[in-house]
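Chain IDs A, B, C and D follow the sequence of writing; residue 1 opens each chain.
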Amino acid sequence: MAADIISSIFGDMTPLAAMIFLLIGALIMPAVQMFGKKHTVTWCVALLMVILSFVTDVILLTNDVEATYLGVKLNTYTTLMSMLFLIVLFLVVLVSNVSTETTKNHAGAYYALLFGATLGMLFVASSSSLLTIFVGVELTSISSYALVALKRKDGRASEAAVKYAIIGGMSTALTLYGISMIYGIAGSLEINDLANYVTFNDFTWMFGVGLICMIAGYGFKIAAVPFHMWAPDVYEGAATPVSMFLATGSKKMGLAVFIQVFMAMFIISATAGSIFGLTVQYIFAIIAAITMTVGNVVAIAQPNIKRMLAYSSIAQAGYILIILAVMTPQAEAAGIFHMFTHVFMKGGAFLIVGGLICAGIGEKISDYKGLAKRSPFLAAAMMLFLFSLAGIPPLAGFTSKFFLFASAVGTPGAADGTWIWLAFIAILNSAISLYYYARVVKAMYIEKGETTEKIKIPTIFTVAIVVCLVFVIVLGVYPDLIFGYCEQATEFLL
Amino acid sequence: MIAEFTWLIPFIPMMCFLMIGIFGRKTPEKGGYIAIAGALLSFLIALAISIEYLGSDEFANGIAIESSIRWFEIGDYTLNLGYYVDGLTCVMMLFSSFISTLIFIYSIGYMHDQGERKNRYYAEVSLFLTGMLGLIVSSNFLELFIFWEVMGLCSYLLIGFWSFRHDNGDEASANAASAAKKAFLVTRMGDVCLMGGLFIFLNLFHSLDYSAMFESVEAVAAANPGLFTLALCLMFGGVIGKSAQFPLHDWLPDAMAGPTTVSSLIHAATMVKAGVYLVARGFPLYVQDVNVMLFVAIIGGITAFIAATMALNNMNIKKVLAYSTISQLGYMILSLGAGGYLWALGYEELGALGFFAGCFHMMNHAFFKALLFMGSGSVIHGCGTEDMRLMGGLFKKMKITATTMLFGCLAIAGIPIFSGFWSKDLVIDTAMNAFNNGADGAAIWFLILWLLAVITAFMTAFYMFRMWFMTFMGEPRENAQHCHGESPKTMTTPLIILAGFALVSGLFMFFGLTDMLAFEGEAIDGVEHGIELFTNPFTYMTIILAILGIGIAYMMYVKKTMDPGKFNKNGESWLYIALTKRWWFPDLYNQISWKLGYGVAKGVNYIDRQIVDGTVNGLSSAVVGGGDVMSKVQTGHVQDYSSVVLFGVSVLSVLILVTFALLGGF
Amino acid sequence: MSMILSSLILVPLIGAIIALFMGGSREAYSKYVAIGFSAITLIIATLLMLGIFGDFADLGESFVWIDTSAFIMNYALSVDGLSILMVFLTALLCLLVNVFSLDEHRENNNYFYALIMAMEVGLMGVYMAADYFLFYIMWEVTLIPMYFMISWYGGPRRHYSAIKFFIYTHVASLVMLIGIFAMGYESVAAGGVVDFSFEAIKNGIGAVAVETQSLIFALLFFGFMVKMPSVPFHTWLPDAHTEAPTEGSVLLAGVMLKMGSYGIIRICIEALPEAAAYWQWVIIAIALVSIIYGAYGCIAQTDLKKMVAFSSISHMGMVMLGIGCLSDAGITFAVFQMFAHGLITAMLFMVCGMTGHKVGTREIPLLGGLAGKMPIYATFMMIAFMASLGLPGLVGFWGEFPVIMAFYEFILDNDVIWMLLFCMLSLMLTAGYYLWAMQRTLFGPETKKIDLSKAHDVGHYEFAVLLVLAILVALFGVWPDGALQFIDDYVDLLAFTGVI
Amino acid sequence: MIPMEYFLILAAILFVIGAYGVLTKSNAIVVLMCIELMLNAANINFVTFAAFNYDIAGQAFVIMSISVAAAEVAVGIAILLNAYKLRKTTELDDAKLTSMRW
């Protein structure tokens, strides 16, 4: 019903429906700020646009609408991914107005950039050509450089932005070079054609160079080791809502690219067992293993909680990269599901950090001492988010990791064990991660703080945290809520 | 059928234990009377059952009254719970409960000044009695084993009765604690062997019921000779532990740290008798293997001898008695071994004689050893020390004690008419029989054993009288001077009763005891063998040796015409030192237990901390350290980051080529 | 469908939640809430055990929980002779622990009771789960309360011990998780849907090649082995026990370690019998090493609780030995030993933990002559030690004797009679360390190294709890059939299905 | 006709020069310019392939990438400007721009 209304409004452009709201949002936000005077008004309008977009998307998702408009696709996959990005945007926008870190003077530009970045993500999710994907990714990237820098009075933010922009620019160049190589050898930018090419042709050096350059370029987006170096600095320097946006949204977009480009390209040849396909699988397996190990091990050494969360994000990306080694639809579904749970748990953790910064608590783990006394709710929520990240049942992080590791072990009827070593590395990493998550829990619950004064964080933050918390628990005990869609989405890979 | 109530015999002391434990504190003597009543009641029931059994057809036909109920199953094997009454059971339960009753009565006097602790004492002795009586009436080896262990526990508790807050200070309590531990541990070693034997038996016989096992023993032994022998040896290991046989005899002298009544209980009525009883009970099994019987006899002979030697120069009145117990137990085991050996060779009558002699000696020993211990208890009670060097001349002050103890000494020394004479000479006779009839290689062993037994008889007479003389004759020394006279009636009455038994219990063999202690219906003729003793020249030899021993003791310690110092070079001869050091057995045990126990444990602990746990901790610190090191790569220079990216690209390029090549792509 | 089994999980869960929110002024009443709810749980468990609610087979509950294209996971609970004992033990110990801790005054008492109840939830879930997913979740759920229990209420090195416990066992359970996946995948044909219920996987996995089965077995076994724990993966246990509060130790040793052996029987043996036969020698070897090593470890310890912790390793080795025999008797009495050890070790830890509160230290060299000062304490300690060293007439003996009996049959079949020596050695060592410890703590001269003037004997609540345990220890010692009847039913079933 | 390889080699050289500049030049502006070089190297590739493959997509891509590059530089310069305001430097190896590390 609702889907019909949307179709009747947007007509052929239904695939663009959710994006259109964002686009409108991005365009009008500066104007709204100008006329609205009060930044709360700006915030309300922004929130409205996000909600409109989100509702549209959810309606399309739940009604299984399929359409294509000028190469922009609309199917379960695209709507699902869009929903993920919109959830992130929603959470970020929700808290931006009360966060002391985000700019109020340039609220219009801030929201416009957020919308722009999200628009890019949605665009990427709906694309099936390297060209459009490239454009979408750049839209997001460039917006996020600016977003990071938008904490204008903070030297650390501008330093982070410089680093981010330079590494980002170089990655863009690498990507572009890689795409050009692949374009040259395969003669097309459409993923379908590329998949065909890979299936029916032998490995050539040019293709190899292109592939590696692309992996490196997009690896930067998901902060895969060794392209991860920017992430901790940027997450630390940026305003916490922005860090959250990067860690949950921008990184997920990178993973979406990995799924749409590399997985789509190689899944056929991997299933067929060609050596070329297997080589690529191994490459991804190695990257995955290194990424999660480095992420987790280095996270132990971090005294700053935002940096720690950054490294933990790197590790989580490593877990998700398992799906590119395994290359099965089952794995893809698990990966998408893990992205969702990761949004809530990592987002929740960042929200708490952001909220506490508003309340004057520092970013050091040692600043969290005695938090359980000062704010039992925040401490409990933080604990649940962290345990969920560590994969402790019955929280969402466990369930999604359960699916992920399950896919690494094999498929029904064939626990063949090719990637079982990856599963072992992953579980060892899980255990390592427990160490640093538990360190925070220990600080909050067990160590005595200097004061037992109660903490008050903005109500909006609490609302956002509760939303995350609810999903972390609900997705843990009832994953079918989303996992069904994740499985459906895998049908639209090619 | 009163035999149906056999289960009451252990059950009553058990109830007494619980009653005393729960509300004994509130009764007079802190539960002492409950304990006495329980023991007495058990005795009376045992008496009634014995009378009934002895008058029944079963007894006439040489079969046991047996009844059991299913307890539970281990795999395919059903374990039962029941009672088993035959002549041996009757004899055992009668003297155990009777002597225990007397000891409990005696305790009223002896433990009078112990205050609140009496409660614990009476509870524990009741449990002890439960253990012994339960062991006696058990219908299978597992049940026996359970009670066997219960006794082990009780001995632990009772030996350690003064292991804290000892009246004589801290060192004494430390001693008691260590002695209790040693007693339990050493007997436990035997118990573990016994348990091992039971595994094999259970597997071989598919049951541990006496009746079932005795029925099929021949077939089973023939089918699995190796395992059967092993099982017998292991089972005998239990005996060695419990009955303090060589080489596990060392705990018994230490066990003197407990109250004297407890020693009396352990040595006379319970505990150490259990080992002998186990051999007697398992006799049908033992006689299947002639070599095991030889082994048993040898252990018995060596024990008898070694223990007697160590008693020769001991100055502690209770320890002398302890050694004498070990020595006498050696006699019993020797007799059973030799008898079994003969039976196994087919000399059924001689074998039955050996069996009878062993059990008979056990009974006699129970009476006179209870007497001796309680007498020594009376002495200790009177003069407050156990060191004989501080006694002397007590005869005048404690006439009843001295006289009754004299009876005991005469009995143990083997002076005719007294009980010990009959049984001991039958034992020595059995050893001789085994020499005369034994197979070629083994016979010589029995000659040696016979010699050892005879020498032991001489030594026994000597050290017992040495003890008696040192205690009761001569000049009153230090403690004897403040001795406050004879003990109360509760203590002397049991002594007098037991003295009577020490005098006459040997004569039971002429009045039907032989029928009760008949092995497989092979009853020997008590009168015939009694008379035969006096036609045997060796009997006179042992009598003369015993008198000689008494004489030497008299010369040394009363007349002082012989100086003991001359023989031991004033305590410096190696033999004397060896004896005071107990042939270095305690040192050996200590070495073994420290090296094998604590030493290995230290090693294990070191490995555990350093290697096993060290690996875990090392891994974790490696990870944490790795984190520190790797985070240093994050220099903050954006161009370093770029370099890493480009480096990563190059590594990936190499990697993709190598992987492709390894997978066989080229 | 009856909800009896679910109620065993729900009741403590509600208790945990209520206790959790009873902070501030209501904190003092949280203990009564905990006691109330655990008492209800115990009543339900007891009635269940007595068969009031009908046959165990009729009580199973099963709902599809997660339904994806590759897996089906169920919320499935069931009890049988094996689980009912553990369920009963859990319910019993949780109640006893709650009562035991009544006298203790600690900060945030409500959290403490919430943790105990939360642990009960997890334990109940593990012992009743009939689905691997549920089993695993519940398995992990037990970890967190224990972690907090140690790191909040524990001793001086609690942080180290807690995190070690947490990570060590977490790794193990993750390895087990991989085993579960592998087993699930192998149990269906290619392209099929994996039903993670015990029943479905058991039916499916039988047809798989023994090599594959044995690999899966190894993964699962590792997970369980660490939990049990077996040498050489035991080092988390002594640390955890030393630092954990008494109540935590009781639950940890009393019921949590049993999760390991329960898992081995329930999963490794039941579903993968052929693989079990393949690994039999390894299991036996691990068991023997654990027994002996644990016993030697005990001798060297100076901390009473650490000693008891090592003794747990040794005794759980005995369980492993029984399981390794793969025979009717072996498994029956391995289970019995689990039950027996649960009762005994609870007592042991209560007594040894009490030493710390009452006397001020648990270091054996500093103690001595406590029997005079604290006779009731000494009596219970002695009962516990004696039961643990396998004194016949107490429950520990029936966990030891028959297991070795079963092992004897094994060694007889394999003609390695010398292996009996290990068992005998272990029995000796066990007696040795307990007696030595008693000699040094209870007996001998009263210690002067520490101030005994404040030492006091057991309190009323502690006395009641210990008495209940002592009575049970004696009761099942003379009436092992009380527990065996349940196990027999279960083992008969195993034998019937050809597993052993 | 000029062989395709020549173009590709040119592009590759350009790319490497750009990369070298990114790694070595300490001035952020110069680094941004080097990134432009790298982007343009890729653009040359695209154009070449588009020309040789008779495919229009490559050229379209170039148009896109040029605009992307422009946007990137614009934002980059703005960021640098801001950084210069706060930290008074555009030298990348200056301690003021490497404050976040480890």
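In the analysis below, contacts are C-beta pairs under 8 Å (C-beta built on N, C-alpha and C of every residue); 3 or more make two chains touch, one makes a residue touch a chain.
Just so you know, these numbers come straight off a predicted model, no measurement behind them.
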item	value
Chain nearest the overall Cα centroid	C
Centroid distance [mean C-alpha coordinates] between chain D and chain A, Å	26
Interchain centroid distance [CA atoms averaged], chain C/chain D, Å	64
Inter-centroid spacing, chain C versus chain B (mean Cα positions, whole Å)	37
Cα-centroid distance, chain A relative to chain C, in whole angstrom	42
Residues of chain B touching at least two other chains	620, 631, 634, 636, 638, 642
Numbers and ranges of chain C residues touching at least 2 other chains	167
Where chain D touches two or more other chains at once, by residue number	19, 22, 31, 92, 97-102
Interchain pairs in contact, sorted by label	A-B, A-C, A-D, B-C, B-D
In the complex with chain A, residue positions of chain B that touch it	620, 623-624, 626-628, 630-631, 633-634, 636, 638, 640-642, 644-645, 647-649, 651-653, 655-657, 659-660, 663-665
Residue ranges of chain C in contact with chain A within the complex	23, 66-71, 133, 136-137, 140-141, 143-144, 147-148, 151-152, 159, 163, 166-167, 170-171, 174-175, 177-178, 181-186, 188-194, 212, 216
Complex interface listing, chain A residues touching chain C	330, 333, 376, 387, 392-394, 398-399, 402-403, 405-406, 409-415, 417, 420, 423-424, 427-428, 430-431, 434-435, 438, 442, 445-446, 478-480, 483-484, 487
List of chain D residues in touch with chain B within their complex	19, 22-24, 26, 31, 92-93, 97-102
Residues of chain B defined as touching chain C within the complex	71-77, 145-150, 152-153, 156-157, 160, 163-165, 169-171, 173-174, 176-178, 180-181, 184-185, 188-189, 192-193, 195-196, 199-200, 202-203, 227, 230, 593, 597-598, 600-602, 604-605, 608, 612-613, 616, 620
